[in-house]
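Labels run A, B, C, D, E and F following the written order; every chain starts at residue 1.
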Amino acid sequence: MANAMLLPVLLSFLILPFSAMALTQDFCVADLSCSDTPAGYPCKASVTAGDFAYHGLAIAGNTTNLIKAAVTPAFVAQFPGVNGLGISAARLDIAVGGVVPLHTHPAASELLFVTEGTILAGFISSGANTPYTKTLYPGDIMVFPQGLLHYQYNGGSTPAVALVAFGGPNPGLQITDFALFANNLPSPVVEKVTFLDDATVKKLKSVLGGSG
Amino acid sequence: MANAMLLPVLLSFLILPFSAMALTQDFCVADLSCSDTPAGYPCKASVTAGDFAYHGLAIAGNTTNLIKAAVTPAFVAQFPGVNGLGISAARLDIAVGGVVPLHTHPAASELLFVTEGTILAGFISSGANTPYTKTLYPGDIMVFPQGLLHYQYNGGSTPAVALVAFGGPNPGLQITDFALFANNLPSPVVEKVTFLDDATVKKLKSVLGGSG
Amino acid sequence: MANAMLLPVLLSFLILPFSAMALTQDFCVADLSCSDTPAGYPCKASVTAGDFAYHGLAIAGNTTNLIKAAVTPAFVAQFPGVNGLGISAARLDIAVGGVVPLHTHPAASELLFVTEGTILAGFISSGANTPYTKTLYPGDIMVFPQGLLHYQYNGGSTPAVALVAFGGPNPGLQITDFALFANNLPSPVVEKVTFLDDATVKKLKSVLGGSG
Amino acid sequence: MANAMLLPVLLSFLILPFSAMALTQDFCVADLSCSDTPAGYPCKASVTAGDFAYHGLAIAGNTTNLIKAAVTPAFVAQFPGVNGLGISAARLDIAVGGVVPLHTHPAASELLFVTEGTILAGFISSGANTPYTKTLYPGDIMVFPQGLLHYQYNGGSTPAVALVAFGGPNPGLQITDFALFANNLPSPVVEKVTFLDDATVKKLKSVLGGSG
Amino acid sequence: MANAMLLPVLLSFLILPFSAMALTQDFCVADLSCSDTPAGYPCKASVTAGDFAYHGLAIAGNTTNLIKAAVTPAFVAQFPGVNGLGISAARLDIAVGGVVPLHTHPAASELLFVTEGTILAGFISSGANTPYTKTLYPGDIMVFPQGLLHYQYNGGSTPAVALVAFGGPNPGLQITDFALFANNLPSPVVEKVTFLDDATVKKLKSVLGGSG
Amino acid sequence: MANAMLLPVLLSFLILPFSAMALTQDFCVADLSCSDTPAGYPCKASVTAGDFAYHGLAIAGNTTNLIKAAVTPAFVAQFPGVNGLGISAARLDIAVGGVVPLHTHPAASELLFVTEGTILAGFISSGANTPYTKTLYPGDIMVFPQGLLHYQYNGGSTPAVALVAFGGPNPGLQITDFALFANNLPSPVVEKVTFLDDATVKKLKSVLGGSG
């Protein structure tokens, strides 16, 4: 068959469906300059391969802080390519003695993959308040169901690193201590809803930057 | 037109589509004797009007307890008719001085409708830890987004009552204090992930029935 | 431990994750000035606690009308805080003898909670046209599956009031009689698709404000 | 490249991933002998190509009945292969003068494709009760949004045929007249919730097989 | 009852709920001038009946091309009325000897309804690579699960026509040969990821308009 | 406050809500002995911490095969704890010169995180057949939208390893070459739907274990 002869015919075929398909949505890279919607950000008009890759997790987070740990997110705000795809990621660095304090992700389940060191992790069920805890080594994975309280801390004598994946582009991160003590929620309210005493609440507010 | 004449013809019409439609799913009352699935329980084979109504919220919960409050759920476990319908409810009774301590619903947003008394309620955002608080009177409604920490307490001098609706048949209820102190999660772990001191953790474990 | 010493270190930790999390979507209060999308309205840029509470259901609806009933909605149009949260509400007032005529909610299931009086309610299944009917008293709840025809009427000698919750922020309300008789759909069409006679259709069109 | 040499190596590769993938869910043909769930039927263990094709729509429905029309469904009950796939179909035959009376599909939107004859179709919006009506000829398509009242009737002098597709495997079909008049819902209740008079209700109950 | 007397009262009733319901979302016809979102396009402000019907599938596609086939889509880009409704359609024309080459729809399952001629169709499962193939005649339907490779070709001696419905408004269409050979993906890459030899890749790139 | 005194009262409070909450669904570990459903497997009755962790990705896959690569899945079949959680994972080992051939995941988007070596990866859009390709180094992530053709190969001189996360518990894996050549789909059909010549198809069928 003579290809040269086929080309004109074929191209007329190609042109029709391609123009017709021009608005097909294979992906929807977030246009962060627009308002968010309940299903995610409006789609950026023009994209390149760079929109689908992210390099920010290649660099260790700075763990020189009180919790000796750092969470480096690649959520939709940092990595707009995940918008609408039902997935995102973060890097977790935990120095020796460090901890990611008790927290939840309100909008997605989490899958943790240890790449270095030893991580002790656990979550607590809502019905019976049962703790589910594991010691994790490099190559191990663990899941934390959406919305349930969980924590991770370094259980070894070397720094620990993990990649964390989420089943949503914008999982959120609510650290219980920060929610209680890093704002101006009045101490009497905090005490009433937690059963903590006034001295404890005031001390933690002071440490975590809260007032009231 | 003579109705008597029409009936035989019409009935043959009626019989065909109705048998064809026999497996249509208008609703799916939970068969709690089966295993749950990620989308809810398998459907009960035979249902009556009684499966779609529930009387358990008509009775005030017993508030003679430490928190002087009671949550009476009408979730799928109590009211199987909500299975698959994306909605459920609960009744909230809060005596004078009572409180529903800090908690989350991992699997649904909440809408609270005050029917009696005065309720002070608030939730905390995950991003900036901003508290959003309101004083609510009879007839007022307030929403608490899925998975975010929130609380309610009686802010008046008479008992408070509220109906609570959830945008899911099985919202869950994770009370932070119970998750931390009403189980056998070891005290050193609780302390590490909360920044609370040993005395506080041990005292609350003792009060809330935890060990370790 | 000296808190004063910890603060500089800790704050550097706090600043990093918070700026990174700035676009986290805990909620999405509707910006009603924007176009709706299939998943709801774009999110309002700046919100306050007032966006999450609504007072419009505290006031009884005016039942001085033909049906002696009033539906007061707190859907996304009235209460933008429910946008994206999978829940909304309405208040139902039914005077003695009043009725909420046969209707459907195309986009959500309904949960009705009686607060005063006696309500007779029912829905009809689509497969076998089976009616499911109940007499409801204060404290009773009943569910009406999405899209199915249902009704409520006052079955007692005192006014009835109910809170209605929906498993979606914008459930819709299609009253069958209004859909048929309160517009300009030509009478012959209405007659053809309902089997009603011309006199009945013309009378109801006249009463309900329709033409044609 | 010597294929003979490659085979042993390659096959060891093939065997591993294939056994690992054995439970992958590409599809989920309904096992109608099991209970339904809110997301559809459990999957049949063993399937063949025949499970994915259906011949029942090739035969014209019998329109020798009162409405001179027939709806032949290919929903999950008739065509188990659509289970979990978010789609199903039906065939519509409308004789001259025939009508598919006012109805809704509670669980899916509809797309109608006319293959023969002329069909007059319309739906009514819920907000403003606006009718949207069209005359459709062979090759024309029209959509009817989920849960909204709509109808189709033959607008020509030859039989009309259409294929109907639904955005769900089990859309349901609630014909308003059948819901009101083809069951034992008491006439006074029907009258109260429709504004129809007693004679009309009793006549239609008699024609459509209802009692009470 | 005097209708004249009722009207003023009733109209005051009608006006209230209708204004309240003004933003109800029964449908969301795409405003294609706006950016898409992960859930579909923003809604057009003003719609007419014409927005819900489409005539483009009434005309046979031009099959005078290499594959002797034409796909005429009625996706959201061509038929904005399907936006948000979970359904769309296309027309398939296959001349004698024509073929719709191996392809997938990444975002919806497909239901094919043959209206003329004979179509041989098949899809391949992902787990065990099992082909499921059928010969289809007028009136037959077949489903192709979301994302799986499938094909259709004319198996008879007359032109074949089919209506295709999709369980989503924007299913996408990825033709494997076009994805591999109709762009500038370098030949060595194509060869590496397909096991095809250089001559085959270069020939197909030449035929299908690719370079590199 | 005397804890001893509080305990009896408090415990009565604890017992009530906990029994009421007994069927709350925080998670739904798959019971693989049951039939799958469209939303995932029924939930296992009794779970332990071990159900939420998986060690199978700690071990390098065997790359001594034709493609010099191995995919080790932690999908619901291998790791039942991910059932219903919207996430899963896999380990990717690619020896020097190795390749994961062109493939799709029909049921989830993918996020790849390189832990060792250099990976060249790309996907092709469906509308315009545009390739999006990147060279990825340790710490880099890239996303591949659901259902789109993509590939990965080792672009360096050392083995490459990656963790892959998916936004669903059962993403599927359809390798184009295996779908075409590793089964009994007749060669003339394969040739017709791919434009490949008979010699190429027969050779690849021979190499990949297909017949026909």
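Here is the rule we go by: a contact is a pair of C-beta atoms (placed from the backbone, for glycine too) under 8 Å apart; a residue touches a chain by one contact, two chains touch by 3 or more.
Just so we're clear, the structure is a prediction, and the values are computed from it rather than from any experiment.
**Student:** Stepping chain to touching chain, what's the minimum from chain A to chain D?
**Tutor:** Each step joins two touching chains, and the minimum needed here is 2.
**Student:** Looking at the contacts, which chains touch chain D and chain E alike?
**Tutor:** Both-contact set = C, F.
**Student:** So if I superpose chain A on chain C by CA, what angle comes out, to the nearest 5°?
**Tutor:** 120
**Student:** Can you spot which of B-C, A-B or A-C is a repeat of the D-E interface, where more than half the contact pairs line up?
**Tutor:** Matching more than half of the contact pairs of D-E: B-C.
**Student:** How many angstrom lie between the centres of chain B and chain F, each centre taken as the mean Cα position?
**Tutor:** Distance between chain centres: 34 Å.
**Student:** Could you work out how far the Cα centre of chain B sits from that of chain E, in whole Å?
**Tutor:** 41
**Student:** Residues of chain C that touch two or more other chains: which are they?
**Tutor:** 21-24, 26, 34, 37-39, 106-107, 122, 126-127, 133, 145-146, 148, 172-173, 178, 182, 207
**Student:** Tell me, which pairs of chains are in touch?
**Tutor:** Pairwise, the chains that meet the contact rule are A-B, A-C, A-E, A-F, B-C, B-D, B-F, C-D, C-E, D-E, D-F, E-F.
**Student:** Within the complex, which stretch of chain B touches chain C?
**Tutor:** Contact set of chain B toward chain C: 18, 21-24, 26-27, 47-50, 52-55, 57-59, 74, 79, 81-82, 85-89, 91, 108-111, 113, 115, 122-123, 125-128, 132-134, 136-146, 148, 163, 165-168.
**Student:** Would you tell me which residues of chain E are touching chain C in their complex?
**Tutor:** Per the stated touch rule, the residues are 3, 6-7, 9-14, 16-17, 20-26, 28, 31, 34, 37-45, 83-84.
**Student:** Under the stated contact criterion, what part of chain C meets chain D in this complex?
**Tutor:** Listed in rising order, the residues are 99, 101-102, 104-107, 120, 122, 124, 126-127, 129-131, 133, 145-149, 151, 153, 172-174, 176-180, 182-185, 189, 192-197, 200, 204, 207.
**Student:** Using the touch definition up top, name the residues of chain C that touch chain E in the complex.
**Tutor:** Per the stated touch rule, the residues are 32, 34-39, 62, 64-67, 70-73, 75-78, 106-107, 170, 172-173, 178, 182, 203, 206-209.
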